[in-house]
Each structure stands twice: as C-alpha cells, then as structure tokens.
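Read the structure below first, then the notes.
To keep things simple, chains are lettered A, B, C and D as they appear, and every chain counts its residues starting from 1.
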Amino acid sequence: MLNDYQRVRRFTERLTETLTPEDSTLQSMPAASPAKWQLAHTTWFFETFLVGRFDREVSGYEPIDPAYAVLFNSYYNTVGEQFPRQQRGLISRPGLSEVWDYRRRVDDAVARLAERGALAEDPQAGHILAIGLNHEQQHQELLLTDIKHALAVNPLEPAFRDDPRAPSEASEQGWADLEGGVRSIGHDGDGFAYDNEGPRHEALLQPHQLAHRPVSCGEYLQFIADGGYEDPTLWLAEGWNTVKSEGWSAPLYWRREADGRWTEFTLAGRSDVDPAAPVTHVSYFEADAFARWAGARLPTEFEWEAACPQAAGSRQTAGGFADKLVAAGQSVQPSAETGGNGLRQMLGGVWEWTASAYTPYPGYRAADGALGEYNGKFMVNQQVLRGGSCATSSDHIRPTYRNFFATAARWQFSGIRLAK
Amino acid sequence: MLNDYQRVRRFTERLTETLTPEDSTLQSMPAASPAKWQLAHTTWFFETFLVGRFDREVSGYEPIDPAYAVLFNSYYNTVGEQFPRQQRGLISRPGLSEVWDYRRRVDDAVARLAERGALAEDPQAGHILAIGLNHEQQHQELLLTDIKHALAVNPLEPAFRDDPRAPSEASEQGWADLEGGVRSIGHDGDGFAYDNEGPRHEALLQPHQLAHRPVSCGEYLQFIADGGYEDPTLWLAEGWNTVKSEGWSAPLYWRREADGRWTEFTLAGRSDVDPAAPVTHVSYFEADAFARWAGARLPTEFEWEAACPQAAGSRQTAGGFADKLVAAGQSVQPSAETGGNGLRQMLGGVWEWTASAYTPYPGYRAADGALGEYNGKFMVNQQVLRGGSCATSSDHIRPTYRNFFATAARWQFSGIRLAK
Amino acid sequence: MLNDYQRVRRFTERLTETLTPEDSTLQSMPAASPAKWQLAHTTWFFETFLVGRFDREVSGYEPIDPAYAVLFNSYYNTVGEQFPRQQRGLISRPGLSEVWDYRRRVDDAVARLAERGALAEDPQAGHILAIGLNHEQQHQELLLTDIKHALAVNPLEPAFRDDPRAPSEASEQGWADLEGGVRSIGHDGDGFAYDNEGPRHEALLQPHQLAHRPVSCGEYLQFIADGGYEDPTLWLAEGWNTVKSEGWSAPLYWRREADGRWTEFTLAGRSDVDPAAPVTHVSYFEADAFARWAGARLPTEFEWEAACPQAAGSRQTAGGFADKLVAAGQSVQPSAETGGNGLRQMLGGVWEWTASAYTPYPGYRAADGALGEYNGKFMVNQQVLRGGSCATSSDHIRPTYRNFFATAARWQFSGIRLAK
Amino acid sequence: MLNDYQRVRRFTERLTETLTPEDSTLQSMPAASPAKWQLAHTTWFFETFLVGRFDREVSGYEPIDPAYAVLFNSYYNTVGEQFPRQQRGLISRPGLSEVWDYRRRVDDAVARLAERGALAEDPQAGHILAIGLNHEQQHQELLLTDIKHALAVNPLEPAFRDDPRAPSEASEQGWADLEGGVRSIGHDGDGFAYDNEGPRHEALLQPHQLAHRPVSCGEYLQFIADGGYEDPTLWLAEGWNTVKSEGWSAPLYWRREADGRWTEFTLAGRSDVDPAAPVTHVSYFEADAFARWAGARLPTEFEWEAACPQAAGSRQTAGGFADKLVAAGQSVQPSAETGGNGLRQMLGGVWEWTASAYTPYPGYRAADGALGEYNGKFMVNQQVLRGGSCATSSDHIRPTYRNFFATAARWQFSGIRLAK
C-alpha cells in the first residue's frame, strides 16, 4: 500500500520535473489550475483527510501551515473556506521549492502512518488512501492538460518536453454490430472505483453499432472543409452560439498556416496535424456536430461500457501516459493504432464524449462528510466521457470510469467515437 | 380543424386583452419575450410555414411585411436571419394594433386555405397546422410567465388581472409504491405530439416511490427556516454558486415583509403565501436541494411518465389555465387540491422538475427542414419538467409531454414532486 | 412667468405628439431614457421641488402617487431612493395617458401657485421654476436624441416625423485669427444660467485660430477614405481601444450601402449623407482624431466662449429645433449655413466638442440641498461641449452654456470645430 | 552618461533582488504588470529605441529574440503588435534568469555604444538614453506598487522586504496663503523633462490657500468615523457608484480588525495604521470626497506647481525610495515629516491628487514617431498627480513632473493635499 503511494507520488514528480518555478505558477483560465497549486492540493488532500485524521490522535500531528487549509482546498465546503479558484495563479508563495518540501513532509507522515500499521488495520484509512491516489492520478492528467493550455498562450510556444512522434497510419473505419437487451452497468465492487461508478444496476439497450475506432484528424479535416463550422443545422443551439461567440473554426490548438497546412500545438511544441491520429481537443458541441454531419450519433455511456469488455486486451495495448513516459521517446499526443476489425483504442487514446448527461445512477447516494463532495455535487450540466486518454495513467483506466466535463470544454484530450 | 385554429387563436387574444400597448412591449430579461412579440411570432409561424408554403403557389400569397421575417423569427436558421433575441423589447413598431391587424390578416389567409380544403387534403399541411397550434399554446403559457416577470420589476406591482383566490388546504403527504420493470415510454402516435416525445421505446425502471402530491409552500417554508439556503452540503456545486451570486433566499417573487410574513407577487398582485398551495417558481437547483434536505430525490422522467396513467382522471380534475379562465374568477396561481390517497395533481398544477437531463430518446432524429429546429437542437444542458401547470391550457397537457428549461430558470410555474 | 412655464411645457408636448405608447416606453441603452419617463421626470421635478415645497404648507398638497418619488427621481440622493436607471424601459405602468394626466395635474398645481402670487413673491420659488424650465428644455433635446437612438435599432427604421430636408451647400472653410490675453469667462448673472457657468472669472488665452465653420460631412468622408479609422497614431489610446472594441468605422447612424453610397439614419428615416452639412454624432475620440489628422486641434472651452461674441447675430440666424418646428417643414438634422467670412454657426448647429475637461470654475461651489446635485457631481471624466444643436430650443442656447458628455458618447448632435 | 545608465539599471536590480521567480510572474490586475515583464520591458525599450537604431548600422546588431518585440512592447503601435496587456501574467518563458541575461546583454550593447562615443556625439541618442532612464525610474516605482498589489492578494500576506518603521508624529495642520496672478508653468528646458511638462507657458491663478502638509491617516480616520463612505452628497456621482460597486469603506490595503484596530498591508507585511503618517492608496474620488467633507477642495496642478518653489529644500529633505533603500532600515511607506510652518513634504511623500484633468499644455504637440506615443495619447479621462512619493527615486522627482492616473486607481502611493 505504501508502495502504491510512493509509486504514484514519484510519478507526479517525474511528470513535472521539467517545469520552472514560473511555469508552475501559471493559471491560464479559471477552469485550469497552476501546476504548483496541484502539487500542493494533492498533498493537502492526504494531509487533511488521512494524516490529519488518523495521525492526529496518535502523534499529535499539526498541519504544516494552517493557511494551506484555505489556499489548497479546492471545493470542500465541509472542511472550510477556499481561496478563490480564479485567483490560484496569484499565489507566488509558498514557492515551488516550499511546495516540494511540503510534499516530502506529508509523505513522511504517511510513511509513519503506514509503518505504524494504521493503513492496513483501518479499512477507512485504506479507502481514503486509495481515493487520494486516484485523485492524484486525475491531477496527473490535469497537470498535463492545464500546462499545455498555459504554454499555448505564450507566443514562444515553448515545449513541455521533447517528443519524437512518428506519423501514424489510420486503419479503415468500420462498424461493430452490438445487440440490445438488459445489461449490467457500473462497477462490481472488485478493486477501487469512485462512488459515481455505482451502484451497479441493469440498463436496457437497443441494438446499435459502434465505430471501430475514434474519428481521425483526417476525417475531421473533411468536416471542416465541408463547411462544418459554418452550417447551423449541424449544431445544437447552444453549440452554435458558442461557435459564433468564441470564433471556433477548428479544434483547440489547431492553426491554419499561411501555406494552407494545418498545425497543432502539442506538449512538444507546434507540429503538423497527423491525419491518421485521433482528433482531440474538441468540445461536446463539436463531437455532436461532427456526428450529425457524418449521419451518425454519439454513443450513450451505457452502450460504450457494455461494449468495452468486447475490446478485451485494449487495456494492455492502449495504455496511457504513464507507460509511455517510462518507455522514453513516446508521445503525449494520441496516435493511430492499428489492429483487428473489432473495437479498437477504447481505452487510453482519447476521452470519448458520450451522449449521456452526467447524472447519478439509480440508488446513488453521496457519502457523508467531506468526501461525499468528491463527485455527487457535479452531477448537472455536464456530459460523460469514457475511456481515458494518452495522458491518463494506464492503471487509472477502467471500463466503468465516468469522466465528466462541461459541453464547451476543449482543453482535455477529448475525442469522438461514432455510434448508430 | 379551422375550428381548432380559431379556438386557440381566440384564446390567445382573451388571455392578452388586459395588456396595454406599453405592457406588451416589455422584455425584462433575454430569456423572456414581449407579449406583442409573441402575438406576432406565433402569427409569423403560421404565415411562414403554412400560408407561405401552401397558399403561395395557388393564390400568390405575399408576406404582409418582408421585415417581419427577420423581426419575428425566433431561432429558425433555416429560414433566415433573426433580430437579436435580447433586443426584442426595443421593437416599438409595428405597434400593438398593427400586430392585431397582422393576426387578423393571417387568420383570414388560413381560413381561405381551409375553405379551399388544403388543410384537410394535405396531411403535411394538417401536421403543420397542428404544430402551429401547439406552438401557440406554449406561447399562451409563456405570455403569462413573461408578463408576470416583467410586471414584478415595477415597484407599483401592477396586477395582470383580478384573482379572488381562496386559501386552500393541503392534504397530508404520502408515498405511492411503484414497481420496477420494463415500461413503454413515449408517445404512441395517437393524436398530436412533438417529435421529442418519441420514438416510443422501452425503459427499465427500478422499484421506487413517488409522493402523493407536490411539495407545498408550507413544507418549503420549513426548508427555508431550517437554513436550506445557507447549507452548501444540500446543493449541487453549480446551484450553490448560483445561490451566492444571485443572492437567492426564497422562491422567485417571494418577499419577507417587515412583520415576518411571507408574501409573493402573483398575476393578481402581491398576496400572502398560501402554505397549502404547491410551491412554485423554484429552479432545478432548489428542487434538487429541497429533495436532498427531505431525504428524498427527484423522479426521473420515466418514473414520472410510467406513473402518470395511475393518476387517471387527473387530466380532468386538474385542468389548466384555459378552463379556469372560462370559469371566471379562478386563479392563475397553483392551489392545493384534495383527493384520494393516490397520486394527485400530476397534470396541471405545477411543472415538476425531474432528475432527467433533456436528451433524445433512442432512435430520435430531428425532422428535415426548418421544423426540425423545433426541439432537437435544445437537447443539452437542460432538465425535463413534466405535467403542465395552472398556466397551461388543459388540452395542451399530456402524460408524454416533455418540457425543458435551464437549471437556474425560475420564472415558470415550476415545482417539486419527491421520489425515493 | 406662468406664461414661460406653459410655453415650455406645451412645446414638450408638441415635440412628442407623434410617439406611440410603445415608442414612449423604449430604452435602448442605459444612458438614454424612455420618452414617457422623461415626460414624467420633468413633471416630478416641478412637483417635488416647486409644488411640494411651496404649496404643501398652504394648500396641503399631496403627491399624486408616492411611488412616483422613486420611479421618476433620476439621481437626487438627497430626496430619496431611485428606481434603477438601466431598468427605466421596464416601466409600463403608469401608461402614457396616465403620464399625460400627471403632467396636467402638476401643471394645474403650478398654475394655482402662480395665481396665488407665490412665484413672483418668493425669489427662491422663481429660481426653482427657472431651473425646472431649463431642465425641461434639456430633456426636450434628450427626448429627440434618445428616441432617435431607440428607433434606429429597429430594422424597420421608422421615421419620428417627416422632414423635407433640402441638400445644402457648404461654404469654404477658413480661419479666424484670435488674440490672446486675459478674458472674462462665465455667466455675468444677467438672466438665467446654471451654476456650472460661474463664477465669472478671468482666464488667460494664447493667440489662436478658430475655423469659420464646423467640419462638414464631406470633409469627414475624406478622413474615412484616408484610413482615419485604421491608423492608431491619430487616436488617443482609449479612443483607439474603443474603435476596436466597438467596431467603429464611421459616425453613429452612418451606413455604407452596397453601391458605395453613404446614408444615415435621421429622425425622418434613412437618407443620403449630405456632404455640405456639419458632421454630427461623433464622439470626443473621433473629434480629437479628426483634428489630429487635419493638423489642427480642438478649441478649449475658454477659446470658444471668448470668440462667441464675435459671432454676433449667430444666435438669431442659427436657431434651434424649437423655431424650426414652428416653421413647419424644417429639419431636425444640422444643415450647412452660408454667410460671411467670420465665425459661423457657433450656436444651434451641432454641439462642438472642446478640448476642455468638465471641471469646476475657480470658486465654484455646488448649492446646498438637492438642487446642488444638478451639475457639480458630474464634474469628472467628461468633456465640455459648446454651442447648442439643431435639437436645442433657441432660447436655451447661450454662449456661456456648458454641456458635457462622456468621451465615447455619440448619440447627441455632437460635431467638430477645429482650432490651431 | 554611461554612469547614469549603470546606476539606474543597478538600482532596478537591487530593488527586485528579493523577488522569487514565482513572485516575478504575478499580474494581479490588468493595470499592473509582472515584475519580470517590467525588467524585460525596460530593457526592450533600450534595445528597440537605442541599440536597435544606433548600433544596427555600425555593428549589425540583431535583436536577442525577435519574439521579444511583441512580448515586451507595452503600447507602441508604431513599432508593431503587442502581446495582450491583461495576459502578461501568463508569460512563464522567458524565465526570470533569462530576463536577467537579457538585461546584461543589452547593457553590454549600450556600453559598446557609449565606448564608441555614439551617445555623446549624437544628441538624438543622448535624448533617447535619458528618456529610457526616466522610463526605467517610472517602472522602479511601478515595480513596487504592482508587487505590493499582487502580494496583498495572498492570504499569507508575505513581506516584500523588512521594514522597521517607527511610528511618526504629525505636525499640526495649517494653511499657506498664496497670491494670484500670472505665473509661468511647465519645464524651462534645463535638464531632462518629459514632453508633457511643456511648453512652458503662462497661467492665471486666483489667490488661494494650500495646506501645510498632506492629510494624515488620523484625519482620514475621522472622515471614516463621520460616515464619509456612506454619505452620497460628499461624492462625485461616478465616485459614489464606485464606492457602491466596489464596496469601498477605507483606503486600499486597510482592514478593520475584530478588536476595532485599523491595520494596513505594507511592503513589509501587515502593520498598524500610523495616524501621523500621510494617508495613501486613496483614489481621486476619495481625495475629492475627503476635501468636500473638510470644507476644502483639491488644488489645481498650476497652484501646486506655482507653490512648489516656496517649498525650497523639500527636495533634499523629502527624498524618495532610492535614498531610503541605501540608508538601510528605512521604510517604503510614507511617514510624517516635521518641519517649519511652510509647505512641507510636497516632494517625495505621497503623490498628491490635483483637481486638474490631464490635458495638453497650450501648444503641446507629441513628437513624431514611436516616442510620440509616450505621453500624449493618454491625455483624457485621467487626473494629474504631483510631487512624487516615498517609492519614487529622489532624482526622478521635480516640481514640473505630471503623473496621471484614472480616477478610481488606488494602488499607487497617492494621497491628498487640501486647498481653499
């Protein structure tokens, strides 16, 4: 257990080791957070919910700085006030090195807890540890998407890290025929899952089809070329308003160069759009409009989940960022994946927007106390995404995982799988 | 058919006969529209989609004023540009009497079409007529909710019409036990329905309970007294933000007087809150928070619809505004309804917020052409409401009807029925 | 005195007699007010400051409606709360006919006061009457500029009244040489003046030149053709930001038609821009940029006032709207005026932006009480305009008159006279 | 000359030596800039206008990074595009150490220019060098006021540097009687001055009085205690709106503690308000309201400047931040200064708001080219401040100096001297 803890915490550090103190302070929009803040917030999570509760009585643990309880609390009203979200980029102190120090001191406290056997003995403590690690893994992905957004603002277009990405080759698109019927949906309780993945329950599906692979950049370029961004009949009304007010004409980070080439800003700097790679950084509105243009639709999250076991093996082959980082020279950018005729790249390529609004499963009830604020209170006006992306740690990906974002969000590695 | 047309059109006119030209021009928020605009817009609908299509070839019908095509088009991109929605209150010309004249001239054209047999012969024409009448009935309700909002801004608090409402008596609350299983949901095609009510399909329900009647003002006052508006743990995160930013502390139109009494602005002016009447003018956020406070939840729209046949007879007893207006002296304010122990007042009291996001039914596909813009493009970031209100015409109410509003909207006659 | 009162009040009524109830309710931006509101507000002024003070003790006068004290108070904190300025367009009640009735009842009360001799005996009462009449004359101009702005929003471009304007002929531009030295500035106390026109004091002028006549539309068209709106070096920084954010490329109400012609919306509907007429509806930023482009500058208000007596006779020849309306068939649009070689059209053509910020004269002190709020509290972040316009009553124009508007305002009949 | 250059540049570096890389990146509002950006911008100024022009032909000087021309251009449209002002806090790269390196490389290039004799020979080069140094001195003050604002946002309230400020003692207030008459105003051309300080010209003053010293915190506390922030009759209309919308109830950085004490955030952290020290961090609106409350007014900039020679010796005794920093242990917070009965602390305590709008002097004409954008284009909607503050370098202070800020700005060391 302490092993897991240390592995996840070290990986966060490897991920962020190229960030300068200045980089780590940036907040480019209210929805994104500075890297330094995330390094501290994930630590505050363990300090508050684990060490503060399970070590205080025993060893009289005192918070490292009482002000951190306000500065690094994201949205837990139950444990107190929060520093305003949109001002996180104004926190120069504590500095990056102080935050690293904060991490080490909390890590030491967790280690002491573990050595004392508290994590193994108390199931509640073990559960909180698991939540904390999954929480940190979520932030590993956000660290990447948030810093990508912040660096993209800079006209110098600095690279987060090198990335010798090779052009890929998209397989031909095809459709898997899937049966209807009553299917069990949701996590079965074996291994960790968030509360929003349950209760496991039955859902009734209609017969349907799912595309073999996510929509590629090349296919999306055809949508653009066909006037997709100029035709209101393809869009939800709110989507069309957003296209107009935001001036969207391509996925986030794409740019049409003077010579007509399309390029995109990546974590490795600007490069050519790879037509074979899955399109990413599209909003729900764009995914929905593309589907309508293609004469198809987006899958429901139940259709997606029910089909996922059929994609057996994809968990191993797809992987997420964690594995790629270890195998040096790999990209933090989704790339095409070739394979058989079945459903491919469901896990670990791009988060796939579903047609399902993010609502509670039948019988869902948020836990009591602060951790009950983790998921439940966000179940409105968002859409579910499934599958994990190239920036998700591979052991954080599972078929029942429900990610969720607002319908205009584009800075995640979000893409499109069609259904019929 | 022409009969129906004339009945619905005349009713709109009776509804608005007390409005002054100045009243008819008001737009108190972007989501609401001036009465005069609505009188013209519903007319433009018939002129554009019915007369303009089916009479032009025969009699060479010419639009009464080409500028109306822009001024009174609400959101149909397929038929051209629209005057900006938030500026509808700046249209002084055409004046109210010109708009009445516009109505009469289009009514004459429709009558000529009918006399020529075009409506009976051409199923397409008959279908458009039916949509147009349902559309006008929707606006009958909006005319009331929008003018209520506009008049409430005026410190004179003018009454829209007299209303000798008698205090009512709430029956005791109880719970109906309802079985799970596969149920058919959606309109069966017999009689008019909007496209969003279909395709009829099967849905799987869990066993559940529904409250016998909507939440009363008295029960809602307990929620307020218990600090409901001050406790973030009761609220969705976006709801809590809205409470704070809008300063909500009670339903829309309620005011706590210096002596502690609660009053509310009604279409008949300000009066005391009736504890027995169903609470109304609450947002989805408030409905959801109230349910959490009460240890319950909101029903899904499928649970609601499946239970509705069990409320047999409620269509007759509940009624909507139309009937009440005819029986002079009745109120345009929901009031308590006594009855048996079963589900009561499901139709025609208050619109009941459901836990269901407004998404397409399996197999739904918007129609081609402009009328395909009627419903489908709004299927995102809204919640479904069911049942109709005291301001809905009784023949516009049906168990499969799906109304939808954004989660912060409060100016409709929207209320709460609990589920477990 | 009562004569003056009745003359001014009747003229307001003649001015607004073509407005429909719907027109009278419009508020097209927060800085503008509905006509009906202005009809009531000018009446409230007399009721509050004259009748309410001088008639209450004698005849026990009671306010016609206590709510009017809030609804029609513009900005007098000393006498109570004000209905929010930006919501004046939401006041449908009292209706236009009730407001006319309000006017008549207050007029009657003033007449009774006059008959009792109160106005003649009490210099304070006479002074307030004079302020009230000048105040109403200011609103006569605002009634025209505000309704022009509101009607211009309507794609029907309705005419406020007919206007058989004849094309005019601009005289050649020239420069008057004016001496420096110490000059007396400000009102000498003979006849009515606002407090901001005094105290009369000495100011030191440098030798300078003033243009013979205001800049014409033809000259302004050259500025446009020369890229005036695209060259940041011609503009104040805040002006340039405004050009960009508002998308300005010509004076307010101007439009370039498909065939290249320039037209403008006038109170008589849309018509061709007359190259000989003085340019109007330009902001301070545009006036300043034009002057820089022309190698000149704007005059200070002291230069302007000191030169004004040299324009002897212009008071008679120029005139304002009042006279024109009486001589039926005249235009409410500035037109060219031919004459000698001296300073022409200083009074009554267009309000001329000066280089002077609106600040108090040395020794200025606002009066005590509510009427002290009339002028003094606006002496910041505005520029002075001089001379009166085609929409100003001719007996409301005087050389010492200081009008003032924010630097981005364009909806007044504001124009440009150059200086060197 | 190179001496001056090096002295000013080194002082900037001493001023900012305690800033961390994270601190240096903060931008807490659009009107403020990150310290790192200012370190680079002042360097870009020399690179662009001096080295780029005078060294390019000789030594083929190439810009260190072409992207800096966009990133660090503040508002010079003549030399190209600018990175958006409100996003300066999003520039993590170049990092602080790269900016230091940039400074050194440009410093070297300037040294080479000097060694070659270019600065001495070419009066144009010498003039640009002088502007550049004065420009850098302005930024020295802004570095302090901007970082103070940014650090104040942080609940940790970090100190910029230590500051053992001793409580001071205010002398009694008194009034100097000053004669009217024609006085010469503006810089006489001897030594450096900005173009906005000329042309020197004559102005006519009325007899008046000036307060012996700036308003103290103790006096300002009386204004607060007397309800100054609750009484609209004391305020300009726009000021009162700002009080309401911003919730002002004391100067910026002041806080009333639970025990009733008033504290203020300073560059040395939070400390008690010193009643004897000059009040600072007040807006023009507050200065004007205080003056009205005190039965006085603010001086015009001409009155202020004409009186300044009478304050002979104040230049030496008052001083600015530069001297204080050298004499270690001095404060960057204005403190009381005792002295004779004459005008005291006119230079170097707090910037004194004047009643004069910032407009050009008679005959002023902005220079051609980019440096003409330095001052002239800001001459609208701002008020002049005079005298320099505790944060101004003492050799940057002069009696003719015209500082200017918008009327709601409070983050400068701005205070109040009364006049009558």
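Going forward, a residue touches a chain if its C-beta (ideal position, glycine included) is under 8 Å from a C-beta of that chain, and two chains touch if they have at least 3 such contacts.
No experiment lies behind these values; they were computed from the predicted model shown.
Student: Using the contact definition given at the top, which chains are in touch with both chain C and chain D?
Tutor: Expected: no chain.
Student: Name the chain whose C-alpha centroid is most distant from the C-alpha centroid of chain B.
Tutor: It is D.
Student: Of the pairs A-B, B-C or A-D, which has an interface that repeats that of C-D (more than half of the contact pairs shared)?
Tutor: It is A-B that repeats the C-D interface.
Student: Please compute the C-alpha centroid of chain B, do the same for chain C, then give the distance between them in whole Å.
Tutor: 46
Student: Indicate the whole-number Å distance between the mean C-alpha point of chain A and the mean C-alpha point of chain B.
Tutor: Taking the mean C-alpha position of each chain, the two centres sit 38 Å apart.
Student: I'd like the Å distance between the centres of chain B and chain D, where a centre is the mean of that chain's Cα atoms.
Tutor: Centres of chain B and chain D (C-alpha means) sit 59 Å apart.
Student: Two-or-more-chain contact residues of chain C, please, as numbers and ranges.
Tutor: none
Student: Going by the touch rule stated at the top, which chains touch which?
Tutor: A-B, A-D, B-C, C-D
Student: If you look only at chain A, which of its residues touch chain B in the complex?
Tutor: 75, 77-78, 182, 201-204, 206, 232-233, 235-240, 284-285, 288, 355-357, 359-360, 362-363, 372-373, 377-381, 383, 407
Student: Taking the complex as given, what residues does chain C use to touch chain B?
Tutor: On the chain C side, the touching residues are 20-26, 28, 36, 67, 70-71, 83, 87, 89-96, 150-151, 153-156, 158.
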